[in-house]
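Sharing a structure, written as structure tokens. Questions coming.
Naming follows writing order (A, B, C, D, E, F, G, H, I, J, K and L), and every chain is counted from residue 1.
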Amino acid sequence: MKILVINGPNLNMLGRREPPIYGSVAYDQLAALIQEWSGALAVSATVFQSNSEGQIIDAIQGAGQYDGIIINAGGYTHTSVAIRDALLSVGLPVVEVHLSNIFSREEFRKTSFISDIAVGVITGFGTESYHLGLIALYEHLKKKKHAEDKN
Amino acid sequence: MKILVINGPNLNMLGRREPPIYGSVAYDQLAALIQEWSGALAVSATVFQSNSEGQIIDAIQGAGQYDGIIINAGGYTHTSVAIRDALLSVGLPVVEVHLSNIFSREEFRKTSFISDIAVGVITGFGTESYHLGLIALYEHLKKKKHAEDKN
Amino acid sequence: MKILVINGPNLNMLGRREPPIYGSVAYDQLAALIQEWSGALAVSATVFQSNSEGQIIDAIQGAGQYDGIIINAGGYTHTSVAIRDALLSVGLPVVEVHLSNIFSREEFRKTSFISDIAVGVITGFGTESYHLGLIALYEHLKKKKHAEDKN
Amino acid sequence: MKILVINGPNLNMLGRREPPIYGSVAYDQLAALIQEWSGALAVSATVFQSNSEGQIIDAIQGAGQYDGIIINAGGYTHTSVAIRDALLSVGLPVVEVHLSNIFSREEFRKTSFISDIAVGVITGFGTESYHLGLIALYEHLKKKKHAEDKN
Amino acid sequence: MKILVINGPNLNMLGRREPPIYGSVAYDQLAALIQEWSGALAVSATVFQSNSEGQIIDAIQGAGQYDGIIINAGGYTHTSVAIRDALLSVGLPVVEVHLSNIFSREEFRKTSFISDIAVGVITGFGTESYHLGLIALYEHLKKKKHAEDKN
Amino acid sequence: MKILVINGPNLNMLGRREPPIYGSVAYDQLAALIQEWSGALAVSATVFQSNSEGQIIDAIQGAGQYDGIIINAGGYTHTSVAIRDALLSVGLPVVEVHLSNIFSREEFRKTSFISDIAVGVITGFGTESYHLGLIALYEHLKKKKHAEDKN
Amino acid sequence: MKILVINGPNLNMLGRREPPIYGSVAYDQLAALIQEWSGALAVSATVFQSNSEGQIIDAIQGAGQYDGIIINAGGYTHTSVAIRDALLSVGLPVVEVHLSNIFSREEFRKTSFISDIAVGVITGFGTESYHLGLIALYEHLKKKKHAEDKN
Amino acid sequence: MKILVINGPNLNMLGRREPPIYGSVAYDQLAALIQEWSGALAVSATVFQSNSEGQIIDAIQGAGQYDGIIINAGGYTHTSVAIRDALLSVGLPVVEVHLSNIFSREEFRKTSFISDIAVGVITGFGTESYHLGLIALYEHLKKKKHAEDKN
Amino acid sequence: MKILVINGPNLNMLGRREPPIYGSVAYDQLAALIQEWSGALAVSATVFQSNSEGQIIDAIQGAGQYDGIIINAGGYTHTSVAIRDALLSVGLPVVEVHLSNIFSREEFRKTSFISDIAVGVITGFGTESYHLGLIALYEHLKKKKHAEDKN
Amino acid sequence: MKILVINGPNLNMLGRREPPIYGSVAYDQLAALIQEWSGALAVSATVFQSNSEGQIIDAIQGAGQYDGIIINAGGYTHTSVAIRDALLSVGLPVVEVHLSNIFSREEFRKTSFISDIAVGVITGFGTESYHLGLIALYEHLKKKKHAEDKN
Amino acid sequence: MKILVINGPNLNMLGRREPPIYGSVAYDQLAALIQEWSGALAVSATVFQSNSEGQIIDAIQGAGQYDGIIINAGGYTHTSVAIRDALLSVGLPVVEVHLSNIFSREEFRKTSFISDIAVGVITGFGTESYHLGLIALYEHLKKKKHAEDKN
Amino acid sequence: MKILVINGPNLNMLGRREPPIYGSVAYDQLAALIQEWSGALAVSATVFQSNSEGQIIDAIQGAGQYDGIIINAGGYTHTSVAIRDALLSVGLPVVEVHLSNIFSREEFRKTSFISDIAVGVITGFGTESYHLGLIALYEHLKKKKHAEDKN
């Protein structure tokens, strides 16, 4: 099982960026945790980060070899139709995650162009959101495979 | 660690209720799964369900002995200020879960009176949402206890 | 043919309640009229009333033995996602009725969480709305049975 | 008792027009059914159809000899202040009917310029909506006459 | 100086139509008054009425021989882009008049598709609105002619 | 017959103020024209102007000796509940006038706190709006007196 | 003079519930204060509390023996058409009170389904709001009785 | 204890102004009542009225010698950011009062620029609103002094 | 291949009507151009124009013999649910065209009741829009026929 | 005549991307078709695609050597003020094209930051939209050149 | 070069008024600073302050002798059409300044009736906003004079 | 003191881009002017421009060595949550500048995702906006340093 974890703009600033909101774990530590959690699930995870909307779209388009995508599109979550279209274009199961609780912040963070096309959304648990996202996607893919095997 | 799992209106219909949206697992099976998942985390979970807004508020008010609440308030999620106020009145950490992806359904399901006062939200993963919610609340409480022990 | 007639909050006050809007027929008289009209259609009708949203949901969930539901959810019409979900959970044909013309009153009465999932809506004809509702549901069920018999 | 039944634009296409929404009964059959139902109530009904907003207004203005109006204004329901004004100008009791359930379709069909000035509204029961409308108007006129006789 | 006075739907019902709102002067009397008032200004007025949006557009398109238009488009005021376009297509000065005060009635009467392309608007003075409209258009045309003579 | 003509803020700048919108007639000339037009109607008119909302309210409150009010509240038209309340407090017939066509300008000029409590509104005819306003109020008062004499 | 004081959901948590917003007086103390204040006015007060919308409606419907109602509907203030309808159904004078200033909190607390049908509203003075409410209702009932005695 | 009572535009018209809404007590009587009520509380009250927004701001700015303000800003309640800013600039406790129930009138009266910065709001009890306002402010100041004395 | 080209209100004024917006080609010339362009595609085109909404609906309903419709509904584009319903009732492929760029004009021209049920939309190219519309419909019908032949 | 054809994000996925919406023609085939269609018009076309908003802006800024632009900005159509500004900065005629009918999809696709500054818009005809766009731009440029030659 | 600096309501409270928002510089100090900054630019500045909307309008109307206006209209910024009209009536270049950052405060402070008719806006730099405003207006007037001298 | 000046998309087109809006100074000249103005303040300024949202975010993230940021984010001002988040992530004082007066242009330019997190905003003064921005940031940093030195 191969999973692509996509991190959008400013996530590379993790640890240094508004710690009361995003926590004090550094981005490299998050990447390492994702590898650790994936390992525990026997899942192969690739972690990608970019500040550029175009590069994120490129990464999604190139995700043909993966079974699913975990995405924290950062600020692009609320503004990017193009990333939504890219996700739709590859047709893979998507899990949307956020470090902070986007519902207790500015009004404009309550709109996501990804949520309604994702399998599900996990928001507010800090780095743990990624851990939960990995489990969620893993379980979803297992169930999906099980259903396909049946037919 | 003691956790109260609150299920709102119509969740007792699980398995019989719109299966393409809510899945085919019966409510009793969900309750058993929650006990199983809790056991694996060495957490003691109480599962409560009611179709009555007032009884849900009573249950929340009586949650003094618990360390945290997982709530799927069903239809009341989108309409109940009173349940929000009850959650605020006990001051416990709350994790909001939903079986279906509320963002890909009717417009009115995109508003929640609980999300912005919760630690976080997990939505769209079927019964697995509860499993993720248990892990999320467990990790949150561990971190919280750790921080309290430090001070 | 068995039909469940559900009356929501304050309908028990009929006759005493704002007569220029709701008319002077008492609730007991309405219940008797419903029985009379049902009898004329050779339909067995059960009339239920409650001021409690939870009890209305309970009643809907327990409607397995009925062929269809006539509902006047009173004030809950405009605010209850939970009653909507209960109606969806049992999957029976629903006819929504109102005594008053909800379109010539306060703005908030123009929104119904039931209308779009009902077979149809009848509003504004006083107690006669129930009579029309019975005929409508009776004809709908006949046509439905006819179609099922054909296949 | 004389009743004018007004059918607005595209109702003449009944039977050929989007059958999953409007049913397979042809317009002529509907007209015959209305005569049959009226006969059973000993009511004299005139059925009028036009695709022209102006002609519908003309027909309403010329309704002086009728006791009441049943109107399915079709697409003009949602856009015509002029038809509303015509109905107000003759001051007759009006029953608004629709074949389809206008609340489960496009957003713009939820607005009616007729509903708040009608006695009541019946929507969603196919051709049966007209039958119910005839009964509703008949009962309304009987009650009205009864009240007038009393004074 | 030749002026075309256009009356929209239901104005032919004047006198019989909701007298507390529109007054008790009959339409024929209004037409006679317009002739009388025009005569006093030495203006030749043609009075036209139709319930049909299309015929009103035809009338406007054929207004080439007139110096200006007084229009009370009735219910079409609030809904007709096509009449607006017709008025723009002939490029004549337009004065919009209304019998009732459209600002103290239903919300939807506060929107006019004519007002912003008219020279001005006169509303609320009963039949006197037409008298004022005639004077207003007469003075506007005089001033316009004066300005053209100057250049 | 005594009429109070109230002019709000910046009307004293007439002639110097944005001539393409408000015309080139000076404020003194307008005041003289109002006297001339009133004289022709055998009406006694008092013309008042102030840039101060409070002084306009004072003037309205002191209008007990007048039979009616013509008001061009200028910019306060769109923002002053207090002037509306003052007009309501004296209970005199009010005619609202504007030099420019407020419907073809900025969006915020389309809202008036006076229109719905006035007898009627005249807008867009330059200084002629006042002339029409005088005739309108004069005719309204005559009709009112006539009706009162009758009773 | 008999008054029914109705307290909605979570008011039983008073003293323990968000003290910076609701104060530190316990619910029992509030109930005692209400009795004390009523005694001083020689008014007989019954204090009722429920977390259930249905039970609050029941209590209102059973208020036939009271002269007036003081209600703090808590979270139901902002969401319950059914409680509004119950208050309308008994036709008693209603005074709406709130402990906190609902206008300085979340946006959704600014809407009340009770305010426009109440005699008046008192909000923001902590437990003193009830004291003021008692005086207000007492004075209102005295004035009402005085007016009735006169006729 | 010294209290400044500020009355906004048109309150000087009390008794003569729309009595069904504002009652028949004259403004001078209200002023006398305020003195009487204040005397009973051993509070020194100054009553100020102005139709001018600027003078009201001046009065607020000069309120340094008072312990609190009771304000009925009349029509300015709904439109004046400047009065809000003046109240904020002096930092005194403010109680907002209204004679009429502003929630059962025009839509625009439901917005207040004062409510969210006031201690609380009292609306709908006629002149009694001021009495309640005096008690409310008196109790608030006592509690505040008590708390300050403690520290 | 037979195509019906429908032109709505005021298109007969082409050439004389606001030339900076609609161009200087006369309506007859446009009709001739359509014939010329159709000829080049070996398509038989019928060109219909009416100012009447009802006649346009009649024309659409009678389009049974055509393979597709090109429609420029003029002002009715933005207001007519009835024309939309007529187009839906015949079920033919529709291409919506406009002479002017409706997106760079008044706000209300941005709403079309036709666009979402059309194959596609062409707007802004003057008379060339019809040429493009013909090619578009021709290619669409060819592709459709090709697909049908295949099955 | 030189034309720049700009394709935005995800258009490189054509053929593989949601075929029921975007069709089964591959992006390379589309590019070849554009060359073929351009050749037939004796127009030199350059086709550019990028997933990056910045690169699209760069391409537009560098379009000095072209006579016009055809743009399908994909998801950026609905969100990019910066691309709009780039188009305005070069001042070339722009034709906006879309493969799918953006008016029959999600609500947010109905807003375009390009439409009102384009010559015109063509939407819904699959790859044929580009063909029509080429003809439209070609005819526009010919007409423009013709007009310039005249002066 | 002569500049009029207009300060609106509550600016005279500077230094005493909400210091965390408006700073601790007193109003007299600000006035002195403005003179100092003007002197450095060899500009003659007059500083005017009033709490009265009417007096501010008077001051603007009397600004004929000045070359430009710097205005901080305080609370009137967000509510006064009349001040906007006054500024338009004198036709001088206007620079709008604010001490606080109006975009990070209450929602209603984000609307200004002055911004779109000003040369530009400077907000958020405390008293320095006036310094920048002086430089900005000075540079604007120099450039304007330079352009006029050229022609 | 080191300042980073960030210019967003299309600012490199300055001088060639819509000169009536943005002026005729070329981008290189602006860059030189910024150096000149910085030099006069003894500030070291780095000027950066990019059309790419991602590169602008990169530049902001790399601004650790600067004391403050001046940003004109061009079209991204109105659409980029990601740039806002980047500015928040580095926590430096930000001054937002614009060449044109964004309040007198299209509606969508009135929304900025930067304004409420900036120290202040300067808009409308052409290239002078940058000069004022430099002074503003310089004074802000001086004051900040002064305050820090004090503690």
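Note that a residue touches a chain if its C-beta (ideal position, glycine included) is under 8 Å from a C-beta of that chain, and two chains touch if they have at least 3 such contacts.
In this text, all values refer to a predicted model and were calculated from it rather than measured experimentally.
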Copy of F-K's interface among E-I, G-H or E-F, judged by over half the contact pairs being the same? E-I
Could you compare the number of C-beta pairs in contact for D-I with that for G-H and name the larger? G-H
Please report how many Å separate the Cα centroid of chain B from that of chain K, as a whole number. 54
Whole-Å distance, C-alpha centre of chain C to that of chain D, is 23
How many Å are there between the centre of chain A and the centre of chain C, using C-alpha atoms for each centre? 46
Provide the list of chain E residues touching at least two other chains, using ranges where the numbers run on. 52-55, 79
Chain G residues touching chain C in their complex are 52-55, 57-58, 61, 79-86, 88-91, 113
Can you name the residues of chain B that touch chain A in the complex? 101, 103-104, 112, 115-125, 128-129, 131-132, 135-136, 139-140
Chain A to chain L touching residues, read off their complex: 8-10, 12-13, 16-18, 50-55, 74-79, 108-109
